[in-house]
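Note that the chains are named A, B, C, D and E in the order they appear, and that numbering of residues resets to 1 at the start of each chain.
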Amino acid sequence: METFYGLFNYWIVIVLMMMGFYMVIAQHNLIKKIIGLNVFQVSVFVFYISMSKIKGGTAPILTDGIEIYSNPLPHVLILTAIVVGVATTALGLALTVRIKDAFDTIEDDEIAILEKEDQERERGTIS
Amino acid sequence: MSPETTIQAALLTPVIGAVLISLCGRWTNLRETVTLVTAVILFSLVISLYPLVLEGGRPSLVVGEMLPNLSIAFTVEPLGMLFACIASFLWIVNSLYSIGYMRGNNEKNQTRFYVCFAIALASSVAIAFAGNMMTLFIFYEALTISTYPLVTHAGTEKAKRGGRVYLGILLSTSIGLLFLAIVWTWMIAGTLDFTPGGILEGKASNTIIGILLALYMFGIGKAALMPFHRWLPAAMVAPTPVSALLHAVAVVKAGVFTVVKVIIYIFGVDFLSVTIDPDWLLYISGFTILAASIIALRSDNLKRRLAYSTISQLSYVIMAAAILAPLSVLGAALHIAVHAFGKITLFFAAGSIYTASHKTEVSQLDGIGRRMPWTMGAFAIGALSMIGVPPTAGFISKWYILHGAFDSGQMLAVGIIIVSSLLNASYFLPIVHAAFFKKEIESPNHDDHGEAPFTVVIALTVTATITILLFFFPGIFIDLARQLI
Amino acid sequence: MAVTAFSLVRIHNLFAAVMMLGIYSLLAAVLYVVMDAVDVAFTEAAVGAGISTVLMLGTLALTTRMDKEAKPLVPVPLAIVTATGALLIYATLDMPHYGDPGAPIHHHVGPYYIEKSASEVGPPNIVTSVLASYRGYDTLGEVTVVFTAAVGVMALIGRSRRRKKPDPKSENHGRKEQQA
Amino acid sequence: MLNRASILRVVSKLLIPPIMVFALYVQFHGDFGPGGGFQAGVIFAAAFILYALIFGVDNARKVAPAWLTRTLLASGLLLYTGVGVVAMMLGGDFLDYSMLATDQKSAQHLGITLIELGVGTTVSGAMITIFLIFDGRLRAEKDD
Amino acid sequence: MSTQLPALQVVLPLLMAPIALIIRNPRFVWMLTLIVTWTTLAISLSLLMQVLDSGTITYRIGGWAAPWGIEYVLDKVGAFVLVIVSAIGSLVMTYARRSVEQEIPAERIYLFYTMFLLCLTGLLGITITGDVFNLFVFLEISSLSSYVMISLGRDRRALTAAYRYLIMGTIGATFYIIGVGLMYMMTGTLNMADLATLMPAIADTRVIQAALAFLTVGICLKLALFPLHLWLPNAYTYAPSMVTAFLAATATKVAVYILIRIIFTVFGGVNVFEILGLQNILMTLAIFAMFAASTIAIYQDNAKRMFAYSSIAQVGYIILGLSFASETGMAAGIIHLFNHAIMKCTIFLGLGCVALRMGGVSIRDMYGLGTRMPWTMAAIVVGGLSLIGIPMTVGFVSKWYLVRAALEADMWPVAVLIVLSSLLAIIYVWRIVEAAYLKPAPENAEPVSEVPLSMLLPLWVMALASIYFGLDATNTLTIALDAADILLNGGLQ
């Protein structure tokens, strides 16, 4: 039982992570893929933060009279990671906009068909 | 000039020649003069080393370390000397011939042709002088690559296909098998230097030695051991001087040269005969001899017939080496030289016929001897040498091989040689007979022709003469080859 | 949170999906506060719920609002995801428990910062000390990433492109064909 | 957008300055409580975006023309790297703030303040740039 | 000043990126980038000298000692990779101007070069750092900038290629982060050397095993190990020519370097290959990559795509070398890292020349080019021969060591497979050769002239390098063997 409570937190996070991961690889909509990526990454961040927690600790801001602080290092890492994540998202969305421009759709499978047509046209026009 | 410098010069001469030729591409006369001059210089450089090697000198040159503990090195020993002499001498003759042939047939891209030829020669000399197996391998591949443009010279679909087979077989055998064998040898022996007596003795089990030998024998695709012989007929699409290069001057010679070299200097004759006694090699080479002869007998295309004749003759060398008797090894070395002169004569004649009359099939040759007496006379001499009839050089080498086979009691080999000589006779002599004694077939589009261009005739006369002279004065090669045993 | 995530998987209105993502981020931020990561919570709220949502909405406006019709669960990705998840769950069995003060991370580098940062760096907010000084180089990298993204967006959909539109050379030839 | 209720404009006019002040507070208060350059940059950008939404992007563009946002973007990163390089020139390692002043603590303080400022500048520059680009794109599409 | 070189190596391009953004003028930006790349090359060379002379260099950023702060650690492998990256970068930049002017809209050129500088920063930063999390940050810098560079290709498929790369790359990075998180959870540190010392004690926990799995999968996504290679062919095919040349020669190489660092440094004290059967998995995948990718390459009509697949196969060779976990094998992997960078750069630069003149790089575009663009095609052929592994080219050296490593490990079937797969290379390389030299140019072909010297020169520097290092491999091999030795004995110490 103790194991269960001790690890329950992680399990939840893992389930969330996998939902995001599933969205990334299974969805055909380019925006939903990026949303999935966000869910995936945010869940990883939660995982990091939950390992920094210490029982009875407080936020790592030095205050008189408090002895136990949560570990600040994961916080720092995740701050960086969040920023990296949003940067990726911005870029991915910009790409989506361009793809919408070029292909007039943002569904992965439709794009694949259009790309195949491109390829055949390439062969066709030359031969 | 010190021997080291001479080696250096001999290696560099054809390379410099190639550069000069490409620079002179626009002025055809100058270009061909450069080719001839380069060939003559190369030959005189090679021959200047001859006395030294005959006295037992082994001049060597280390160029530099390529991989740690593995250098690019050159050493001149008798077998290499022999090969280098043949290649460099035949280059002169072949260049003469090429000039007539290429101009006579209005071939295009002649500059590329001469450049590649020079590079192929550079590689051949490097193979001949290679001091270790890796150096040999490097230039073995360089030879393959540099002859590829020659084989596909015509640029036609057929030439392309021929080139594919040529390159495909030669590269895949060398990378797939030979390369593996070399790396393995290096691991086992810790060296790749050609050492009299071999480098593998006592370093590996008999099984491994057996596998290695097989890797080497089949990996040296240029020796055209069946089933890796197909490239040679495929390469027949090339112009005749190229065929001469492939069959006589460089490529197949490099193959059998490597075979003999590997048997003598990597495995060691004595070591092989006491460990695994490679009978299978005898069988395969014997089979190649007979099978190729039979195919030759059934081919109507003259160049194809010659090509299969080459395949069978190459296996003589392999078989002779595999007999592992001193005399047969000597015969093997001699046969490299003898076959070179004989076969180049035959190819020159075939090209000469083509230049003059554009005939390619054996059945068209009736009565041609009267129009082209010099050509067909030389052809007859070459054919006799292939069969091994005195007074041609072919007799000498066959005699040594037979002698060796008798000494070691390899009656199977004796039988094969005798049967194949009969086969040789039956596919060469009818041509000679038809050329001189049958009446010419009158056909509507038959044009009146005489002999081929002058330089062509000179070239084939020279080689035919040498084929006979070698019978009377075999000493220059025998003295060299004797040092091997 | 799990509910939000699950509805994200199933939902087809992209607009709603973006909103859900915002909510998901906010929930994560709340969690961060619970787990003492106030700085992270602040950032997550600003970025995840703020910037990302705005960006997504902008993209939606530029593309489309609806996903295509529903698809059943796709087996291959499902298998991959299940395997990955199983591996992680398997790994958790050896993990230190949540909040366990005996976990290795509370005994090596972390405590050093808590003890020394006040004297070595100064600011009472340890996160700031670590972020800006001990691991200042990471933060430099982070700023560079932001810079990269901004320049990347400029390069991809920057305004100058619009003026160029009539010029077929700089335009995607694919698009022309599309219209033709 | 301009004909929206003017009450919105008045409220936001009142709101925007406090938001900017708050941004500055977050920027420099990072030492003591949660906050720092990154969050400040985002808030600052948010203020600007609010301004753009209420008063129109054209007006916003006048306030922050392309060259300005671009320079903002670049200068933050330059400032950050610059601090590192200056530390190197003063004989320390890259980003070694203790070279910046004689006293360890005040040197660190100075360094942190400067780089946080760099972070804030780049982040707000980046956010504003990205917003304006998306918006410009949007309007371009409407023009079509 | 020489003690500051490690920092300068990364900071210089980083510092110049915003400056490039402010300058904007394409010509000046190009000049600036060019100067920066050559300076980084000079720095990396002198760093390599230092490392060879006096061993591993460490550099504390911000003056904080590891593991509290972030530390640069540069050993022989790292220095070697730095030289590869910066050398390729500087040659590609020299080459870039004309190619970029043709392929990228004029008003975006300065943004493109800014991206290039950032990508270079990222790759150099990854190579030199001694901290697993910092590695992630720089990995993202290089990845984000390469997504953008790829998407600037002219074909609309460049966009989707970049998008897929972005998704796959981010998944890879996230996996990596999960792996790092798990390791951190069990050790409390992020410093590689520190991790290496703590690792043996906890190596048999499930957490660490999972961490290893996540790290490996994440990195393999980045280095396009079969079957995680799906993003690569399109990305290489539709990216601008110089980007393809640069990324093909550096990005996957740096990813391999990360793998080396993780497996042999961080997990250095552990017999990693025993865990999870990693050795067998990697070896099998590598062999699959060699065959599958080479076979697919044969059927491609677009030369860039063909060589993109060939890159996947070559990554297989590198991983195969590493998976032997012997000194020879490691050396083979490292030397092939270098050699493959050279030959692929040659080929892709050559294809860039073809694209400049012909507008495309399909096999049909190359008909009869052998006589019309003799220098370009000759350089491509040199690169191709090297791919096959013909002696006197760098490819031969790699193959020699790979085969030797396989034989030493008593895995002669693997040795056979290595040579067999290189036979596949003959087929696709020869398709190019036949097209260029044996096919006549189309009849309505416009006259084509050779590319300008500014492109030919870097191209031939690369081509000659692939011959030179094939003939005199002693120096590079000595470094590789040393590096292998260090890595096998834990590394970084």
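The rule is short, and it goes like this: a contact is a pair of C-beta atoms (placed from the backbone, for glycine too) under 8 Å apart; a residue touches a chain by one contact, two chains touch by 3 or more.
Everything numeric here is computed off the predicted structure, so don't read it as measured data.
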Touching both chain B and chain C (chains): E
Path length in steps (a step moves to a chain that is touched) from chain B to chain E: 1
Chain E omitted: connectivity of the other chains: A, C, D | B
Which of D-E and C-D has more C-beta pairs touching across its chains: C-D
Chain A and chain C, separation of their C-alpha mean positions in angstrom: 5
Euclidean distance of C-alpha centroids - chain A vs chain E, Å: 26
Centroid spacing, where centroids are CA-atom means, of chain A and chain D in whole angstrom: 25
Residues of chain A engaged with two or more neighbouring chains: 17, 21, 25, 51, 59, 61, 73-74, 77, 79-80, 83-84, 87-88, 90-91, 94-98, 102-103, 118
Residues of chain D whose C-beta touches two or more other chains: 32-34, 38, 70, 73-74, 77, 81, 84, 94-95, 97, 130, 133-134, 137
Touching two or more other chains - residues of chain C: 38-39, 43, 47, 51, 55, 58-59, 62, 88, 92-93, 95-96, 103, 105-106, 109-110, 113, 124-125, 127, 131, 133, 135-142, 144-154, 156-158, 172, 174-175
Chain pairs that touch, as defined at the top of this document: A-C, A-D, A-E, B-E, C-D, C-E, D-E
Chain C to chain E touching residues, read off their complex: 87-88, 90-96, 103-110, 112-113, 116, 133-138, 140-142, 144-145, 147-149, 151-152, 154-156, 158, 160-161, 164, 170, 172-175
Touching residues on chain D, where the partner in the complex is chain C: 30-36, 38-39, 42-43, 46, 49, 66, 70, 73-74, 76-77, 80-81, 84, 94-95, 97, 104-105, 108-109, 111-112, 115-116, 118-119, 122-123, 125-127, 129-131, 133-138, 140-141
Complex contact set, residues of chain E against chain A: 133, 136-137, 140, 144, 147-148, 151, 155-157, 159-160, 162-163, 166-167, 170-171, 174, 177-178, 181, 184-185, 190, 301-302, 362, 364
Residues of chain D that touch chain E when the two form their complex: 70-71, 73-75, 77-78, 81-82, 84-85, 88, 92-98
Chain C - residues contacting chain D, complex: 38-39, 41-43, 46-47, 50-51, 54-55, 58-59, 61-62, 120-125, 127-129, 131-133, 136-137, 139-140, 142-144, 146-147, 149-151, 153-154, 157-159, 162
